[in-house]
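Just so it is clear, A, B, C and D label the chains in written order, and each chain counts residues from 1 on its own.
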Amino acid sequence: MTLVQLSRVTPGVSDWFFQSLSSPFIAAAGDSRLERLPIIARDLLTSRLPEPWRWWLNSLLAILVVLFGFAILFALLTLVERKVLGRVQNRPGPNRTGLPFTKLRLFGLGQPLADGIKMLTKEDIVPRSADKLLHFLAPVALLAFSILTFAVLPFGRNLVPVELDAGILYFFAAGAGTELAVFMAGWASRNKYSLLAAMRALAQLISYELPLLLSFVPVIMMAGTLSTTGVVEAQAGWKFGFIPHWHVLTPWGFAAFVIFMVSALAESNRSPFDLPEAESELIAGHLTEYSGFKYALFFMAEYFGMCALSAMAVTLFLGGWRAPLPFLEIVPSYVWFALKLFALLFGFIWIRATFPRLRIDQLTRFAWKFLVPMALINLGTAAFWSLTCNWSGPLQLARWAIALALVAGPFVVMGRKLSRDYAPRTYRYA
Amino acid sequence: MSLSPLQLCLLFSSALFCVGLIGALARSNTILVLLGVELMLNAANINFIAFWRFGPAPSPATGVMFVVFSIAVAAAEAAVGLALVIAIYRHQKNIRLQEAVRLKG
Amino acid sequence: MSIAFLIIALVTLGSAAVAMSLRNLIHSALLLIASWAGIAAFYLWAGAEFVAFAQLLVYVGAVSMVVLFAVLLTRQSRVDMAIAPDALRRIVAALLAGGATLGVLFGAVVSAPLPIAASATPVTVSVRQMGQELMGTHAAALLIVGALLTVALLGAIILASTGREDPPGVAPPAVAPPTRKTS
Amino acid sequence: MLGIGLLKGLGVTAKNLVGSFHDPARLVTTEYPEQRTKLPENYRNFPFLVYDGTAAIDGLRCVACKICEVECPPQCIYIIPDRDEKGRPTKKPKVFDIDISVCMSCQICVEVCPFDAIKMDQQYEIAEADRFDRLLLKREALAKPNSYYQEIHPAEAAQVDAMLAEARRKADAKAKAAAEAAAAKAATAKPGAANPPTRPPAPSGSTPATAAMKPATAAMPEPAVPPVQPTQTPAENSATGNPVAPKTGTPGA
């Protein structure tokens, strides 16, 4: 009886949930047919259905599209990463696995499939002394948390799975769960290397969470909203008709972008911050006791996290799905989003191919002594930028000069300080 | 007897409060005592939200603001409390609360 | 959505209760995190999005890490795991005290004439509104919380630090602040 | 300043990335089963026996002198000299086994061989499906033609061939001289029949490195204890006897 009453007295509560998860992919008039292609395709499938069913099916479709899209991206990314790494090391990379049972090689496009089959058919080993439940839950939780973050990303014009008022906060709240999953994996394996790696991962993730969160605060300050679509809206338009109003093209925005990307590297455990998986020290880190499909899930979650953070960087700093030049707007917005996403992902791979791994003390010191102060100073720079937004003429130049000095000055000073601690070394016995 | 949604939420929060209280009183492990206190704080936050949502609010955002501040304070409390746990452990090599009876370091 | 409320309440209460009674500290910490996530779900259910995400970010993201670190840094010996001689007495006393509190609270909640919201429609607070409140009405509180957090951070570092000097060669020597020529 | 070095590093990798596409010479890999890189001439793994002519077993240069068996540090060579029906040595190995699970590819057998009969092979695709398969190589498996030797070690083989030809020419000349000088006596000057330590046919040694190697190998003590039993199947054991049994006799003379 009380339950019935509860739902009767609070009709809004039940509605709120549906309202806040605003119907995904709202159609908008005025866009080109190509631009509205996903929405048209969606409507073709679901327009005949009655209203509540339609909402559910629309949501389901959105989820499926996002999941499958990123799963395919993950598969391709593993191949592209290996090919790029190979090319950087002057070798062709995987190039033999093509269509099965044929001689077609297709530049190794069959490699992800082969890897998948291999992973699925491997034995799933659980150590006898492991905490069975947590050992099982860890990869599942990790993947779930990384997939959750995709919900608020604007993949194109009107292509947001869930329009949330506090979307960016949601993104990072969902991302916070990954640390927990890493810890669970390390602890449940009952392996000292796993546990050490988990502790390292926690230290690293906590250290870099701070600059990650601080780096996009200026963006929120300038855009005046926590919603992802709002941030993209704030980057609309072109200065002089050809310089887009992207945040990365301002002094504070550029600094924030760099800080964000460095922190994103660390957050997604990518080289050169892949200490938790440093195989020369910790075997495979928290993945040591995982095999087969669970290991594949970890791998997938790592790539999903990388994709999600890159997509967030695109949204926050690179204008989201907006075209760089006005006449390029005939290309659909989701293509632009994908292109920017690929560019950032390529950057991840490029960095992995270049830099050696950091030591744990260098890693945390870099976060606490360089990135966090830089992010805080950058916040001040953004405040200055926001206060002087109506300066014009020569004052505009002065605004740029002061903002650049505010970014470059601390960078040079702190960079000197940081590199002096490490720069040219003398070895006594070498 | 019929309960309004507000009452249901309050019952939920008081139950959570009591779970925290029992945990804090019954366990001798410092960390668990601290976590019990955290639970009690969370129960109080639930009350704020419940009153904000179902009660007559003086201003639309007061309850939410209160919880935001409360979460911040709770985070600070957790950080200091667990630092204290580490300090106690370093001092007496265990974290049993009964043995932490000395005031002198 | 009352079913949702029931599920949330049961999960939250159940995981909290089990967490408080478990012997394995890691398990109880993880269950408590689940309980905190349940509370976040409750906030979401009640329409307080922002608070829900803040709860997740702070509790599941940060406090949980501190708790887990504290658990791992304080090793439990077998003596600690053993049941203390006065444990039963204490547990009974705690249960009595908790039960009494629960009874009093339940009685008060059930019998008190609680005011009901004037309108059935939920009040929603947008993030923009919250920001304005924070910077306007609650600016002083915000500043104080900021100061509190800073002091708490420093206090936690001082409490947890060993107080010994860093071994030479690991940490850079204390140097004078660099002369500012560039900026 | 912080960052410059990082950018330089990124530049280097980018150069490699782009360069590998437009400059195929950068790519250092070959697609192994289809394409193979030419091995360096001095690459070696396990020994093989050289034979002249076309008959594999009859053409073996090996005279079963057992020097390599003596010198082999891990004692992976096992030789039984062949004898004719009268019990005289025919200067051919009846059994010549090399246990390549024991061989350590040291090439000492090649260095000490006075007849250039044993050489190092370059065949590296020796994996087998069975664990004990083709670990003990018999005479038939070891015998490979001189042309093969010339193919894998062209420079060295040319040197060896020249030396052998020289030795043969000298031996012929000596035989002729001996025949002329002592025509009455029966000609016994056959270089290969001499005692091994004197090494008449190759006075300068087989390769220049041998001269340096000789004192070292000569100083090597004979192992007193029987060596460890190698991994082999009973069938092989029964077929060949114990290939690494302690030496009992001296090389046939």
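In this section, a residue touches a chain if its C-beta (ideal position, glycine included) is under 8 Å from a C-beta of that chain, and two chains touch if they have at least 3 such contacts.
Nothing here was measured: the structure is a model prediction, and the numbers come from that model.
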{"item": "Which of A-D and A-C has more C-beta contact pairs", "value": "A-C"}
{"item": "Centre-most chain, if every chain is reduced to its averaged C-alpha atoms", "value": "A"}
{"item": "For chain A paired with chain C, centre-to-centre distance based on mean C-alpha positions, whole Å", "value": "27"}
{"item": "Rounded Å distance, chain A centre to chain D centre (Cα mean)", "value": "60"}
{"item": "Chain centre separation in whole Å, for chain B relative to chain A (CA means)", "value": "33"}
{"item": "Rounded Å distance between chain B and chain D, as computed from the means of their C-alpha atoms", "value": "82"}
{"item": "Chain C residues counted as touching two or more neighbouring chains", "value": "2, 5, 46-47, 50, 54, 62, 69, 116, 122"}
{"item": "Of all residues in chain A, the ones touching two or more other chains", "value": "2, 6, 9-10, 412, 416"}
{"item": "In chain B, residues with contacts to at least two other chains", "value": "3-5, 8, 54"}
{"item": "Residues of chain C defined as touching chain B within the complex", "value": "2, 5, 9, 12-13, 16-17, 19-21, 25, 28-29, 32, 35-36, 39, 42-43, 46-48, 50-51, 54-55, 58-59, 62-63, 66-67, 69-71, 73-74, 76-77, 79-80, 84, 87, 90-91, 93-95, 97-99, 101-102, 105-106, 109-110, 114-118, 122-123, 125, 129-130, 133-134, 137-138, 141, 145, 148-149, 152-153, 155-157, 159-160, 162"}
{"item": "Chain A partner contacts - residues on chain C that touch it in the complex", "value": "1-3, 5-6, 26, 30, 33, 45-47, 49-50, 53-54, 56-57, 60-62, 64-65, 68-69, 72, 116, 120-122, 124, 126-128, 170, 172, 175, 178, 180, 182-183"}
{"item": "Partner chain C, residues of chain B touching it in the complex", "value": "1, 3-12, 14-23, 25-29, 31-32, 35-36, 38-39, 42, 45-46, 49-50, 52-57, 59-61, 63-65, 67-69, 71-80, 82-87, 89-90, 94-96, 98"}
{"item": "Chain A partner contacts - residues on chain D that touch it in the complex", "value": "1-3, 6, 9-10, 12-14, 16-17, 19-21, 26-29, 31"}
{"item": "Parts of chain A lying in touch with chain D, wherever the complex brings them together", "value": "84, 87-92, 96, 350-351, 353-355, 370, 411-412, 414-416, 418-419"}
